[in-house]
């Protein structure tokens, strides 16, 4: 019963988010300089003539007044017709969906790495707080936060693919292809969250129930894993959720460097080409993903913390 | 008219069915069942009852910390549901059972006790430090604990800080929920004496939730016995004849038995 | 099943051919394979398509699907088509489907209309086609080498643009958008059979990734290698670096509307201080040539006499500027402060910008550099004095189209706001002139005019840089970017 | 035997962190005296030269001294990173406190706004901001704040929700505190240390975001020495001249490390570990 | 005569607080002995150091607190210099401590069942049915009439006394040799208090359990304890 109510409520919110986001994107895109017709024709640094631009603009429906375009756009959003890409003339929705599996694959692997690093490193550093493991963990976290992912990616390709030949440098295929991109995605952020998790866990030690558990003879690691961890991971769950949603939306840098045929590399092309229908469709797609992930996060909260249920 | 009046107050909590699935609609069970009570100005009403009989829940209901399911609570004839919560808190104070989690871990004793002074009596800046010390003395807290933080205090000391904090507000009603349980007998006695004194001076009413029959006998004008969410007995004297419910009789008998046994031993 | 085994048998018969798959990394990834749409370049680049006319090594038009052609009068051209040409779907090519193909392109692509300026196309007989232009279009022949005029079997392209039927030596096997295009040998090719049975084109946009894919051996060859990494490749014995002049020109635009650059002498002063040779050596690592005109030296009309330059001191002094104590030029109490625009898509331009900025500061002119996301937009809407820019000036080996668009006073793409009656006249003249020598002469004259008026400073003609593993044979770069893949490529 | 526990409490890392930051700031302040070369001096004959005596950290793709650029970069990078952090905190902490504390409809509305905000990809957002406001240092800060704040709100809010359930918050209300005072005096100090840990680590990411934006042409303009931009520029040469990337990278790591050391010890005295 | 070694012996114990680089003693000169099988009550004014002594015995002093003098002998062995592993063993198999602020001694987001199960499972593996059975018996013994319901709930759904009893049941389920109960019955009504204390008494006889009961409740102390230790500020007499 309560679940149905909860989901119904969230669905309503989803619609509101999609509406605002689509409006916002529409405005942002139209107010930003850049003429898609010009950009489309200017590819390869070819000179272009005015007549060609005008013809294309007419073709793309960019000559209509802004509010007409907006009305049209809104209509389309909610009838699930997100228009055709300017570049490929294919329906945006099929284009997005065709790239989505690749991104999901990468995001899932990235999340796995992220989780492993966050939980593994976070718990380890908390258990051995102030020891050498902790210090290494801190250095890793800082490197993770401060080293740009493009650099990490290039280094890994260089050492593991070019020098050692262990993994392919790019592209999508068997599991080997996933290793380097998912490491790039997960390591840095995972290390940062590991730090936050450690802090949370150690603060939990102030709680009386930890002392009571110690007095019952439970080992410190047991307490950390089963009592403190769940508590401390709650803020992390939100962040992991946000990040997972980001990754599901495509990680632009990682996807371009590894030539991963997912949403990220697609959208950056679309942005460069001012492919309005694609950008708009993507933003709506992303917002739906986002809200869905956060509904999931809320559900997880709901399960973790019984106090929130009443 | 009585100061505080409870009219058929009922509180329901969701009840977990046997094989509970958390998204299923939970069953309900009544933690407080149609309780009616009156508390007069300057009176001390004791509440005893079995563990889990709804005493703490009742206290929270009175303070409007949890919403009542049915019934109404009137303070000076005015429903507390219509009042702003700060107004309620100005008139009534509650000292919770669990003193450990009732204190902010990063605030010192001084800050904790001065907090209500600062909020409710913002004008009296100069007197604050003095009032604070006075309150501490009243609750029997050593002066050199002033700058300690809660985790540096013993159980009894924490409870006394909670009491001092409640006294600071100078309310009309104070509800003590098991608030002197971890304090040693001597100190208990001195605190009770102080409370009596304050009661006489300022006409405060107390709602005293405790398990200690001795205290009840000595300190309270009236005693209510709670059992499974209901008030089964309200009496003024501790006599078997006055008690109607078997549980209250049992309660009295047990306590007397203990006393007899101790008397025999010594 | 049957068809698979047949295919195998087929390739077994030709023992001379190579069964290996050649993999090459390209930069751009096509959204579809419509030969007449905006992706025609990519289609052409994949070696699956052909046009009527081809540009040879000297960038002069030579026959391809058209065996021969002649001009009947000012506006009319007769083309004789190649016989025995089959489309990938097995259909024979004839004048009828060539006409249909061209008409489709004219229909959906405004660029084709601009390039060809056709009035009508008529089928004379099965192998003969007559084209009539609206106005005299001297560049019609080279323009027919433009990829947008690819000859395709129109009937196969009604709704599916992923496997068009074309005439090239290779045909589409698989197309994975954003990932790869796999083409296989077309056995009924009218010309010389391709040596390789299969070529896989990977689309890798990131330069660094392309390079490392090549280093690790995942691809046999890669185009557009980031120049700065060349030393790494040159040390690698397995990899060969290949270069060829491109038809691109990196230049610096002056805003002729800006108060400072209205004055020709100021343009000359700034032009004089550009260290072109230095840029070629340092930024381009020697992979390029210093430029002095919009058109590369490889073109028949590319060589232009060098103007002798005066020193910046002389020029500035002449127009009453004086150096102040901080070493900057000053006139009536005001120093020169210029705004230079660059854009991130071609990072080497920003580097050049920074070098020029530094040099100008040494010479007493201070420049603020600003990177803008979209350079073309900024050029038309913002205040600027100079801007770094790059143009493919002769993509069909002919100057006419570029001149019309970039220098004609009525063109909207005339970004420097250059207006010169002489220039306009010459442009109109070249549009009419069909004689090759005369055209070249005119083009040179126009460039001389440009060097006098200096609406831009031309900095460098960059080389196209490729790299291939040593087992690759005959993968030679061509100045024209879309002739990369041809039947003769082989693997050892 | 009791030295065992006591020794853990030594706050030496705090001093190390403070010294680090001080060192960095002083170096930035006295950049003109410390830097061995002009950070803008282009020397094309000396491109990508390895570290040596004249150029301790080598030179970049334009032959500029990497060390000098790093030193001058402190002025730009550190200041902007701190600015961004402050503004982000100033925006996100109140919002998160309110939304996590009040819950109900206010929370719903704020959270939906944030979802919407986060759902728009950074690239679209930044390009739009640049497009509308024009590129400048200030607008770069605005753009990054716009990209980051929602993330902070989400994180802080979840901390607030957890804190709000404690008994002492109930008491705080009972002793007459206004909601605002409860937020500022009871909840904020409890969550601050965790926010600080997060923020200190985030400094690294902010430096990298500046780089990303500069790549897009917003904010810091090319010749200006800035760490992020240096990192970004250096990617093209990582095989030929790794030092161009390593040194700025190390400086960023050091900077984050110093901040981290300080933030780690920020609330230690009242922290009791088991 | 037959000489009996005390099971637990605290000798001149001093516990100090480390502050501003020096140690300030909080508890000094605490000495007492407990023989095996005894039930000893420790009383004294509030703040005299009873809880600290109890915590010191099982090695659970908080940060900045340390034993700075004296000995704690358990079975002839000084436990003060123990390391973490030895402490864990001691707490798990020998001495169980029921801490004073036990009302929030349960993890708020885990069910009672989980928390109790993990406690009894750490000593040895039981199968699921046995676990449930044992949990039910223990809960029943501390005065719950519907153990199954209690097992399903989360701590915040229980009343104070209920939580205290749950913790007590947990302690008993450990079957230690020594139980130190720090104010175990503060939130219990008399009837349940009687029940709980007589249960402890019964266990004392049945399993020759040794009990150190810290309490203010003179009546129950006098009724159940074999011996009463009076602790004063900074010291103890037995």
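As written, the chain order gives the labels A, B, C, D and E, with residue 1 at the start of each chain.
The working rule: contacts are C-beta pairs under 8 Å (C-beta built on N, C-alpha and C of every residue); 3 or more make two chains touch, one makes a residue touch a chain.
Note that the structure is predicted; figures quoted are calculated from it, not measured.
Interface comparison, A-D versus A-B: the higher number of contacting C-beta pairs is recorded for A-D.
The central chain of the assembly on a C-alpha centroid basis is A. The chain with its C-alpha centre at the largest distance from the centre of chain E is C. The geometric centre of chain C is 44 Å away from that of chain D, both derived from CA atoms. Taking each chain's centre as the mean of its C-alpha atoms, chain B lies 49 Å from chain D.
In whole angstrom, the spacing between the mean C-alpha positions of chain B and chain E is 27.
Distance from the chain C centre to the chain E centre is 86 Å, each centre being the mean of its Cα atoms. The set of chain B residues that touch two or more partner chains comprises 13, 98, 100-101, 105, 151.
Contact with two or more other chains is made by residues 208, 373 of chain C.
Within chain A, the positions touching two or more other chains are listed as 33-34, 154, 158, 206, 208, 211, 214, 220, 231, 306-307. Those residues of chain E lying in contact with chain B across their complex are 17, 43-47, 49-52, 62, 100-101, 103-104, 143, 148-149, 152-153, 157-162, 164-165, 182-183, 186-194, 216-220, 222-223. Contact residues on chain B toward chain A in their complex (touch as defined above): 13-14, 22-25, 100-101, 105, 151. Listing the residues of chain A that touch chain D in their complex gives 13, 16-17, 20-21, 24-25, 28-29, 31-34, 129-130, 138-139, 141-143, 145-148, 150-151, 154-155, 158, 192, 195-196, 199-200, 202-203, 205-206, 210-211, 214, 220, 231, 234-235, 237-239, 242, 245-246, 249, 252, 267-268, 271, 279, 282-283, 286-287, 289-291, 294, 307-308. The part of chain A that touches chain E in the complex is made up of residues 207-209, 211-220, 222, 226-227, 230-231, 304-307. Those residues of chain B that touch chain D in the complex are listed here as 63, 65, 85-86, 89-90, 93-94, 96, 98, 101-106, 115-116, 119-120, 149, 151, 162, 165, 168-169.
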